[in-house]
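These are the structures, in structure tokens.
Same chain, two partners: subunit A is paired with subunit B first, then with subunit C.
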Partner chain A sequence: MEKFVYIALFAPLVSSLFAALFGMSPKKTFVGVIASLLLATSFVASAILAAYVVQTGHGIHVTMMDWISAGDLAIPFGFVVDHVSVTMMVVVTLVSTVVHIYSIGYMDHDKSFNRFFSYLSAFVFSMLVLVMSDNFAGLFIGWEGVGVCSWLLIGFWYHKADQSPEVNPSISPSWAANEAFIVNRIADLAMLVGIFVLYWNTGSLQYDVVFAALPYLDESILTLAAIALFIGAMGKSAQFPLHTWLTDAMEGPTPVSALIHAATMVTAGVFLVIRANPLYSMPEVSEVSFFIAALGTFVAFFAASMALVERDLKRIIAYSTLSQLGYMFAAAGLGAYWIALFHLAAHAFFKALLFLGAGNVMHAMHDELDIFKMGGLKKVMRGTYLYMGIASIALAGIPPLAGFFSKDAIIETAFNEGTLFLWAMLVVTAGMTAFYSFRQVFLTFDGDERYKEFDIHPHEMYKFVLVAMSPLALLAIIAGFFQGAFQKFVTSSPLMPDYVMSEHTHHLAIYLGILVLIFAVGGIVLAWKKYGNGLKRDEKCENSFIFQLLKNQYYIPKFYAEFISKPYYLLSQIMWKSVDMKIVDATVDSIAYLFFKGGDQTRKMQTGNLSNYLNWMAVGLVLMLLVAAVTALIA
Partner chain B sequence: MDNILSVLIFFPAVAGLLGFVVDKSSARVYGISVATVELLLAIWLWMSFDGTNAGMQFVELIPLVPDFGINYYVGVDGISLFIVIMAALMTLLGMIGMSIEKDIKNMIISLLFLEMTMIGVFVALDAIVFYVFWELSLVPMLYIIGAWGGPRRIYASIKFFLYTFTGSLIMLVGMLFMAYLYYSVSGVWSFSITDWYALVLPVNYQVWLFMAFFAGFAIKVPMFPFHTWLPYAHGQAPTIGSVILAAVLLKMGTYGFVRFSLPLFPDASVMMIPLITVLAVIMIIYTAMVAYAQEDMKQVIAYSSVSHMGVIVLGTFAMNAEGISGSIFLMLSHGIVSGALFMLVGVIYDRRHTKMMSEFGGLAAVMPKYAVIFGIMLMASVGLPLTIGFVGEFLVLLGFYKVSPIATILAGTTIIIGAIYMLTLFKRTFFGPITNEANRNLPDLDTKEMSALVPLVLIVVWLGVYPKPVLEPIDTSVKALLSFMEEKAQTPEAKETIILTKQTKEAE
Partner chain C sequence: MIGLSHYLILSGLLFAIGLVGVIRRRNLLMLFFATEIMLNAANIAFAAASYYYNDLTGQMFAFFIIAVAASEVAVGLGLLIVLYKKFGTLDLDDLASMKG
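Right, the complex of A and B next:
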């Protein structure tokens, strides 16, 4: 079985390096094909491993070689394929394979076609390292690796110029890429601190050793580690207040948004919390865990609110990703780790589908993203309409699609834990989710054909691309039916606690479900009423304070620009021009000048006049005698 | 071969002297051949080095002035071995990538002479020999900056020389006093560092001596607030000068801390941790901010170099094997990466004769190979895992966390602010549309530049993925150093600190 571990892990790396060979040459379709085949290989290997884990009930642990050893620290390249990681592997490689195939069509006209595949496969490799690693340092390799790939891919169209935030809120791809990298680095520092805390208190970074040592640690240490690691997770999973980069990341090509900024990388933070569940389940850190749930709930609501008024197709979906990540954290924070993982997987399928559908629309609309300029696209894009419809129904949580089961379970958990406030927020958010999802669908596909004004002639995507998307559509529909089987499989792992609803909740479950459903259907109906028959703009509403607040993302990006970026730049300028040049360096130069001046002045003694010299000699003699006398006296 | 260290030291010097009779047109080839042989010798040294032995190897001792205990005394251990190899490597690659045509013969001779002094410093085990090489290294660098530098080269080179020279003189006084102390205890003079190690000094003497040595090392590193000579030196130096300066010469300072300060003055070193920590943290954050404010690419790299040296200094005083080994590894990786970055800036300077970022933009489309290599070095510079830059930085921060979590978090901001200035530089230079017509038809890297840079890329990846061959010998020697310090420390506070900082909970 070991060989499958290596095949699953390294096939994407091979793919990346292969594509990199052609990175600077013109488009070659076979690069995309071979990359997709290698990714499919990785998927097959992952599936075999999954079957193995299901059958035998235990994982596979391999140690490839040593990485860093110094002092008492020993970090190997070790990989563990267990219930949790194999789930992630299957999800990641499946979505990646679809996205790779999709990209062959989507990036068809891009001159950097080969380079794109190199980055995309490198991302998959990093993501697999992240999920398969058997220690925190290895996880950090993947963690940073996906960060770099995300940087490369957001900034893929690096040649675009910066624009003012009013024209383009993301400024430019290269700007958005840097923002994403730097914001993530802030979180990564906290994550490193978490790693240091664990190392110095357990003597290792291996998951099994660390988890085994947890019961012996002090409360303060556990709390610190839990907080630090969670801040790390907040960066990758774009939780408030480190969330701004995710919407800006939509500057990247759409397949990237589907794979990285929806299905896989942004879930890494959730994965970390799930992976470290022995830590977050400790009774000593229950407050941290509750904070995670509360923050998740807040982000779910907060992001959904911004999606209500957004006009940019991709940004709407990005907000919905943020919101769904919030749901996952809510579940994980409440201790329902398997439910978080289940929603993670289900979300990956329907969100990737949604993004890929958005990519088709973009392709058709010549990169136009404003849904106010679309409408009536269902006539020309039947397949895409169908896919995006399915994905949106799943996202809205309508049974029997995947999103219903996974999201409903999270909402039920909030009820079961007695955190009724969180529960209420999550229910309301479910309604908002349905509303903005269908607002987007109706504005894009139904109503009047507003695009005609802009002289755009939309066309459907290539057939093979639509076929490639079908597995995701299928999974978005049926994944929910496997809830029970999934629970049984994942929680059979010793590292994965089960979570079951109490009797009381169980009895009420049907009513709770219906309540959520009412909100969801209500949201859809409202969206239909407002937007089903074309776009009617409401000036008064659009000028209201709330609308403007939401539209400007609560003025948070502006706040960051004005109160963090600019002051930092100005302070740096002061440090250089005033402090470094005028104080530090000027002091050094003035000391040197003092010597120079002193020498220059005393040079006048050298007159060449013998009697002058004799005078100086006398002075010197007297001085020396004086010194001798004084020292003699003191002694 | 028992005399391999002497061969390593004097072969470049002798070859340099012979270089005077070499024809001008073949000077470059001659220099590269000599540097290649030197590198092969250095690698051979590594191959015959026993990584499990923590002590000095290939020791040579020839009395010079027996009455005063001055000997030609050299040896190499895990700490110095790789710096020697790096010095040889960077000299060779610097020569290969060099674009200078003017007075090429003099340049080659200067570089070979410089190579002798660099290797001499790192293998010297006698304080006087160390001091002689230390000071001699200034001469060729003074000449390189002064003769091939930019418009303000005279100011920059004199500042460089006088500033570092002042510090070294104070260090010399410290050395003389050390020898005197040895004499007053044992009745014989000795300048041998290994003899000095045996000397147990009263704490107040240790503090004064520590400060004297500190003056020499801190200016060389350069530590805040003694760093201002560096931006001028880098700003005016030709590419090759900056490469050697950043890669090797700065490491003399941090190497000095490990070779002299820690084992000679263990109590004072522990006492000085707070002071060093404050300086190092200021150095990391402050110079990173200054780097961000720069308009000139080379100045960004120059200040970033100071910032990263701060991390190295911090690791040296972590008093545990994780931190100190990491610090030494970081010396190597900083040498490789900053050397490469200076070469890369030189590449664009050769083409456009400017280093101002505002002149560029969109270079990634014009010079893709250049952009890729720059990108890799950028990532190594910001400490991406699986590049050489991560290993040392991670270990240093990990090690120092045991000493002071707060200081580690402050120093750890290097991963954020380092990314800020480097990514800004990259964006302004490589991304965006091509706004300046002069950049539209720039040629990409040529064979000469590729052959200097590609080996560095390979090393960056190799030692990032598999640092063990280098880290293991370093770690062996560092562990020996630490147990020596633990034994030698007199004050209970110092002993306790040294013992405690290396313990994980499990070990208790």
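Right, the complex of A and C next:
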């Protein structure tokens, strides 16, 4: 079985290196095909491992080699394939394989086709290192690896020029890439602190050792570690107040948005909390866990509210990703780790599908993303309409699609824990989710064909791309039916606590489900009434304060620009001009000047006349004799 | 009675003469003679000290220096001949070609 672990892990790396060989050459289709095949290999190996874990009930732990061993510090390159990581592996490799095949079609006309596959496969490798590592150091390596790949891929079209924030809120791909990278650096600093705290107090970074030592630690240390690790998770999973980078990351190519900024990388934060669940379920850190749940609920609502008025197709979906990540954190914070993981997997399927569908629309509309300029696309894009419809129904939480089961379980958890305020907010958010997803579907695919005014001639995506998307569509429909089996499988792991609803909740579950359903259907009906028959703009509503507030993302990007970026820029300028130029640079320059001047003055000694040199030598000899004599006398 | 100090004074005088020769002379051949004087001044000091301490090491060193000086002269005179053939002079003031 060990060899399957290595195949699953290293096939994407081989794919990345292979594609990198052709990085500078013009488009070669076989690069994409071979990359996809290698990713499919990785998926098959993951599936075999999953079957093995299901059958035997225990994980596989391999140690490839020692990485760092210095004194007491021993960090091996070890990988663990247990119930949690194998779930992640299957989800990651499945979505990646589909996205790789999709990219062959989507990046068809791009001159950096080969480079794209190199980055994309490198991302998958980093993500697998992240989920499979058996220690925090390996997790951190993967964590930074996905960050770098995300940066490379958001800024894939780095040559595009900057625009003003009024025209394009993301300014430019390179700006968005830098924003994502810098925000993640801030969060990663906290995460490193958390890892150091755990190491100092437990003497190891191996998960099993650290978790076994947790009950002997002080409350303050546990709280600090829990908070610091969660801040790291907040950065990667774009939770408030570090959320702005995710919507701007939509500047990257759409397959990237589907794979990295919806299905896999952004869920790494949730994965971290699930992985570290022995820490977060300690009674000493219950406040931190509750904060996670509360923040998750807040972000779910907050992001959904901004999606209500957004006009950019991809940004709407990005907000919905944020919102769903909030749901996952709500579940994880309340202790329902398996439900969080379940929603993570289900969400990965339908959100990737939604994004890939958006990519088809974007391809058809020649990179136009404003849904106000679309409409009536269902006539030309039957397949994409079907896929996006399925994905949106799943996202809205209509049974029997996947989203209903996973999201309903989270809402039920909030009720079961007695946190009625969180529960109410999650229910309302479910309604908003349904509204904005169907607003986007109706505006894109139904009503009058507004694109004709802009002289755009949309066309359907290639056949093979649509076929490649079908596994995601299938899973978005059926994944929910495996809820029970999934619960039994994941919670059979000793590291994964079970979570069952109380008797009371169980009785009310059907009514709670119906209530959520009413909200969801209500959202869809409202969206149909407002947008089903074409776009009718309401001047009064659009000029209202709340609409403007939402449209400007609560003025948070503006706030960051005015109160963080600008003062920081000014401070940097002052530091540059006064400290760097006048102190640091001046010191270095003056040392160099001293040597230059000294050399210039003393070079006259170099007369070329041997006699002079001998005289100097004699002077030196006499001086040294004098020094020797004087020191001898003193001593 | 001639003691160690006499030899050392002689050695010092010879060394000073050699040093002044090295500093003052302009002709390369003369410089060679001056260095030879300095080397032999050291030899005298070695031999005297060796006799005084009843230790053969100093005399061994003196022989060693004589051998080194001989080979040095062999190479050095060869070089001097080449230099003279090339420049037609051995005057150091005319040989300055590496002015900084």
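In this text, the second predicted complex is superposed on the first by the 577 of 635 C-alpha atoms of A that agree within 3 Å, B and C clash if a C-alpha of one lies under 4 Å from a C-alpha of the other, contacts with A are read in each partner's own complex, and residues count from 1 in each chain.
We adopt the following convention: contacts are C-beta pairs under 8 Å (C-beta built on N, C-alpha and C of every residue); 3 or more make two chains touch, one makes a residue touch a chain.
The model shown is predicted, which means the values in this text are computed figures rather than measured ones.
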Quick check on the superposed pair: does A:Asp580 touch subunit B, subunit C, both, or neither? Answer first, second, both or neither. first
According to the contact criterion defined above, which of subunit B and subunit C contacts more residues of subunit A? B
Have a look at where A:Ser69 lands relative to subunit B and subunit C in the superposition and call it first, second, both or neither. first
In the overlaid three-chain picture, which partner chain does A:Ser572 touch, first (subunit B) or second (subunit C), both, or neither? first
If you stack the two complexes on chain A, which partner ends up touching A:Ser611: first (subunit B), second (subunit C), both, or neither? second
Subunit A residues contacted in one complex by subunit B, in the other by subunit C: none
Touch list for subunit A against partner subunit B, complex: 23-24, 65-73, 137, 140-141, 144-145, 148, 155, 158-162, 172, 174-175, 178, 181-182, 185-186, 188-189, 192-193, 195-197, 199-204, 213, 216-217, 568-569, 571-573, 575-577, 579-580, 584-585, 587-588, 592
In the complex, subunit B touches subunit A at residues 159, 162-163, 224-225, 227-229, 286, 289-290, 292-294, 320-322, 325-326, 329, 362, 364-365, 368-369, 372, 379, 382, 384-386, 390-391, 394-395, 397-399, 401-402, 405, 408-409, 412-413, 415-416, 419-420, 423-424, 427, 430-434, 465-468, 471-472, 474-475, 478-479, 502, 504-507
List of subunit A residues in touch with subunit C within their complex: 603-611, 614-615, 618
If you look only at subunit C, which of its residues touch subunit A in the complex? 19, 22-23, 25-26, 28, 31, 92-93, 95-100
